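Presented sequentially are two complexes of subunit A, the first with subunit B as partner and the second with subunit C.
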Partner chain A sequence: MNFFDFFYRWKSFYGVQLYEHMKGYDDALMDYNPDFNQFPSLFLWTIGIVVAVFVLYYYIINSTRLVKWWHWLISMAIVAGLTYWVGFRTVIVDVNNGTVTPSLQSYVGYNSALMFGIYNMMLAMVFYFVFTLLFRRWSRNCKHSPWELLTTKLNNRKK
Partner chain B sequence: MSKLYVFGIGGTGSRVLKSLVMLLASGVKCNMDIVPVIIDPDDSAADMTRTVELMKKYMVIRSNLKFAESNQNRFFKTGIQPVENMKDFIFTLENTHDGKFRDFIKMDQLDDSTKALVNMLFSERNLDSDMKVGFKGNPNIGSVVLNQFADSQEYKDFANGFADDGKDRIFIISSIFGGTGASGFPLLLKTIRNDKKSQKWKVISECKIGAVTVLPYFGVTQDDNSEVDSSTFISKTKSALAYYDSNISGNNSLNALYYIGDSVTASYSNCEGGSGQKNDAHFIELCSALAVLDFANTPEELLDDGTKHFEYGLKDDNEGRELTFKNLGEKTKKSIMVPLTQFVLMNRYLNNGFEKGGQSQTWAKDNQLDDSFFSGHFFEQVQSFHEDFHQWLKEMARNKRAFMPFDADKVNPLFEIVNGYKPKSKWLGKKNYDLFDDTLNSNWKGWNGAASREQKFMELFFRATEELTNEKYNM
Partner chain C sequence: MMKKRIIPLFVCLILIGCNAKSNRQAANQQRANDIPEIPMKTPGMSYDGSQGAVDSFRVNVYLENSGSMNGYVDAGKTDFQHNVFNYLDDVEQWFGSQLNLFFINSKIIPKGNILDDFINKLTPKDFKNAGGNTSTTDIADLFKQILEQSNDSTVSILISDFIFSPGTQNNPEAYLGEQQVKIKRAFEQYLNKNSELAVMVYQLYSNFKGIYYDYLNTPHHNYEGQRPYYIWVICHPLKVASMRVAIPESSFLNRVENYWSITSFSPTIENYAILPNPKKGSFNKLGKDGMNKMRKDAQGEFMFTIGANLGLLDLLLGEKYLLDTDNYARIINKQTTDEWYISVVPNSIPTSPATHNISLSTKGSLPKGDFELAICRKKPKWADDFTDMDDRSLNESNQMKTYGLHYVFDGVVQAYSAKCGNYYSSMNFKMN
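This part shows the complex of A and B:
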């Protein structure tokens, strides 16, 4: 299991066969074709969206008017929407184009695309949350969104 | 720090003190602490009560602040304190509250020849005048009643508090065209210079004394039932000036005498005194307050050698129309423009920007400015003071002549509030209250994280408004 596959290892959520397909399983080779592995590009897209929205919210827009918890929630919803779409689209394009290897074709369809989109969305939301915990403190205006920094809380409590 | 005892006599005295307090709150430089003393027999005069309340708020706010070297804040920097034991800054005048002037001088007990003299000096209307609302523009009454200065407990308390090193100074504010001010000024000056009963007489009699005498700058509507008649203002002024010439300037009792006046005069409703005497703030009062500051900031050696006389002139009269900063001379502009602009920006933010989520901002959270702070006494006093400040600006703007350096009611765009000064703007970047919050949220160098919340609040607003003023205006 390589680095990128690791993030999609809970295959029971969206289907073992879809995992095989995404990893590049090829009937002709009876093995995985590394050239067909879609996890790296999918993961980079997903993480790219997370970073882009995070940087946009905390450091570029950095608005003094978008500091309520629900503003942060909206930014997370944007991440969720985009990453869902990226995950869903990656699968549904293969389904529609018939590029799924024959032995997996009967298992990979619309429903598995839907579930994979949701999986990708949840993965992105976890990353967005972790980024928020780790990297918001340097934001001038939004560092206390969605909740007050723990360090600030502790400092204020000491006084 | 040395003290400057500022005696505000009559209605004009109170109103000038109010302007002075506004300037000090905004951080205009003053090298001495101020000890205001209000002398007004009309203790229900609205002008006086408004000033007293304002000074109390100032003191409450300032008592929560420290002004160490490391602090940059200049808002409320100058100390204001009352004379020890003096209630509400008011110099109480005995026997003026419930009686006619006739009773005060005990007319019934005078012998015939003295009665005849009194009848020559005072009209029947003067003698029957009720003194609880002041001297109603009659300096001849005031000059008798106010002779009690030296024997009063307030005067003794004032004298006792005077520093032995002789560095404390005295400043007297009065109008020349009314009753209380015109009569009180020479009497008070005479008492200060000549009262040998006080233990500190020598120090007090030799201290530096300045005064501003305000020439007619408003009139009152004609009212046959009122004793106040503005048609007598000029003649009274002439008589008083002649008296001052020989008895004040002539004998070098003063070190500095400032004259303030204007040919453009406002007209107020005719009110003899009491709670109805609530005149709008006026530019002339602001200029008079500047005289106080000029005196406080003048080095000791420049006040030697006889009475120095000063007048105030505008750079440009604007043909009698409304004035802005552009019409003021460079010295005035330099001293008040930046501090007032900073304070106005804070005022606008507290009035319009704060409610849009100030409490959720980083500056508030980082400094523990939470519900308990914003619902506390300090913040309540700050807001109340700013309401008064806003009102003061509006009153000056609607008076004649109008002084309107700011568009006091402008909400947006925030930085277009300084009349005659176009703010620098960036196409991209934050604007209005967003920019204000963004500046408040800066990582300030030399920030004292251990300071009190009140201290940090004021320091934040001073630093932010200073940066915004530098960034936005070419002042």
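This part shows the complex of A and C:
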């Protein structure tokens, strides 16, 4: 299992056969074709969306008017929506184009695309949350969104 | 400053994403134009069925002419004559020259090269007038005589009802056992001199009218019904493959009831792999031939499927042989086991190089170590099914059977097993 596959390892959530497809299983080789592995690109898209929205919210817009917890929640919803769409679309395009290898075709369809979109969305939300915990402190105006930084809270108590 | 960093990041992501997507589409487009061929060629062997594949060799046809064969011939009016004539004509066309035709019983009797005279105009009287001992059939002796006339460049075709004639022997079963040993010895002696030999057998049926001789050699007059007969082709494995391509079973006038083949040639199965589907339980694939983290499903069953290119074995042994699960041995850490059930189906995926999908399942403990799946040299199941041990009265239950048939096959298989091993080929897997 390589680095990118690791993030999609809970395959029972969206289907073992879809995992095989995304990893690049090819009937012609009876093995995985590394050129067909879609996990790296999908992961980079997902993490890219997370980074982009995070940077946009905390460092580019960086507005004093957008510091409520639900502002942060809206930014997370944007991440969720976009990454769901990326995950769903990746699969459904393959289904519609008939590029799923024949032995997996009967297992990969709309439902698995739906579940894969949800999986990708949840993965992105986890990353967004972790990014928020780790990297918001350097934001000038939004560092206390969605909640006050722990260090600030401790300093206020000392005072 | 921040904006300047973000823009290149987005551009990189878009390029990587688009590239991975287009790879599969482009490859699939390429594949649609270039469907992979099944690798059927073996170095030094050519069996495409073309005239070019047939180098200098001779085809000897032996028609057994004992009294029990009389009912099969009637001046070209029987299915036997139509079918054998048609088959030999196909062989002649494939061979590209005239065949050497013989009657065979206690001796080989040359009958020239004119196919029409040899089989189509044949009557029971011709059989009798040909000479030799036509009162009984010593099948082991038939093989001995034929194999003594054979070498790598000979194709021998034996046509007979393959009914043993113990005659007045006190113990017919002992006679059959003795015949089996003699058949084994005849093939062993040939395989000692020539390492390559293949045998293919067609079982067919014909209308039969005349005297039927039972195993005690008692004549039953005016028997009329369907009776089996057999065409045995004995030659180099290359020729068997070539003939199978050139003269498929579908070209026979009457349906080939059963087919069987055995060969000294042991082709290596190079292209096989554990497939992701179908399966029961779960496992992690490690390359093409390994797996770990095996888990049974909720019903306590574990199953995995192998895709294998058995194209060459399919050509030599026939589809029916490869689909018979009795012809596979499961060997775990060098110990044969029956705990794994097998099912074999043809692979229907056009893009796959696999010709067969072999599923292996168990409810027993999951082993670790080496797992070997071997294709065995075995007699066909139908040899037992169509063996009759008492043909004094022919009725619906035994008229389609042949007295002592499996002893012939047992003798041949024993010789091959002794000289070439019990397995044609095997596929090896690692279970960790």
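The rule is short, and it goes like this: the second predicted complex is superposed on the first by the 159 of 159 C-alpha atoms of A that agree within 3 Å, B and C clash if a C-alpha of one lies under 4 Å from a C-alpha of the other, contacts with A are read in each partner's own complex, and residues count from 1 in each chain.
Criterion: contacts are C-beta pairs under 8 Å (C-beta built on N, C-alpha and C of every residue); 3 or more make two chains touch, one makes a residue touch a chain.
Bear in mind that the values here come from a model prediction, so they are computed numbers and not experimental data.
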Superposition on subunit A - do subunit B and subunit C clash or fit: fit
Most subunit A residues touched (candidates subunit B, subunit C): C
Which superposed partner A:D31 touches (first subunit B, second subunit C, both, neither): second
Partner chain(s) touched by A:N96 [first = subunit B, second = subunit C, both, neither]: neither
Touched partner set for A:N155, first subunit B, second subunit C, both or neither: first
Superposed arrangement, angle subtended at the Cα centre of subunit A by subunit B and subunit C, nearest 10 degrees: 180
Which of subunit B and subunit C A:Q17 touches, first, second, both or neither: second
Which superposed partner A:H144 touches (first subunit B, second subunit C, both, neither): first
Shortest CA-CA distance in Å separating subunit B from subunit C in the superposed model: 14
Common interface positions of subunit A, toward subunit B and toward subunit C: none
Subunit A residues within the subunit C interface of the complex: 16-17, 20, 24-25, 27-28, 30-31, 33, 35-38, 40-42, 44-45, 48, 51-52, 55, 59-60, 90, 93-94, 97, 99, 101-104, 107
Footprint of subunit A on subunit C - complex, ascending: 2-3, 6, 9-10, 13, 16-17, 19-21, 23-25, 27-28, 31, 36, 271-273, 275-277, 282, 287-288, 307, 349-354
In the complex with subunit B, residue positions of subunit A that touch it: 62-65, 67-68, 140-144, 148, 152, 155-156, 159
Touching residues (chain side subunit B, partner subunit A) in the complex: 356-357, 360-362, 365-366, 368, 430, 433-434, 437-438, 441-443, 449-450
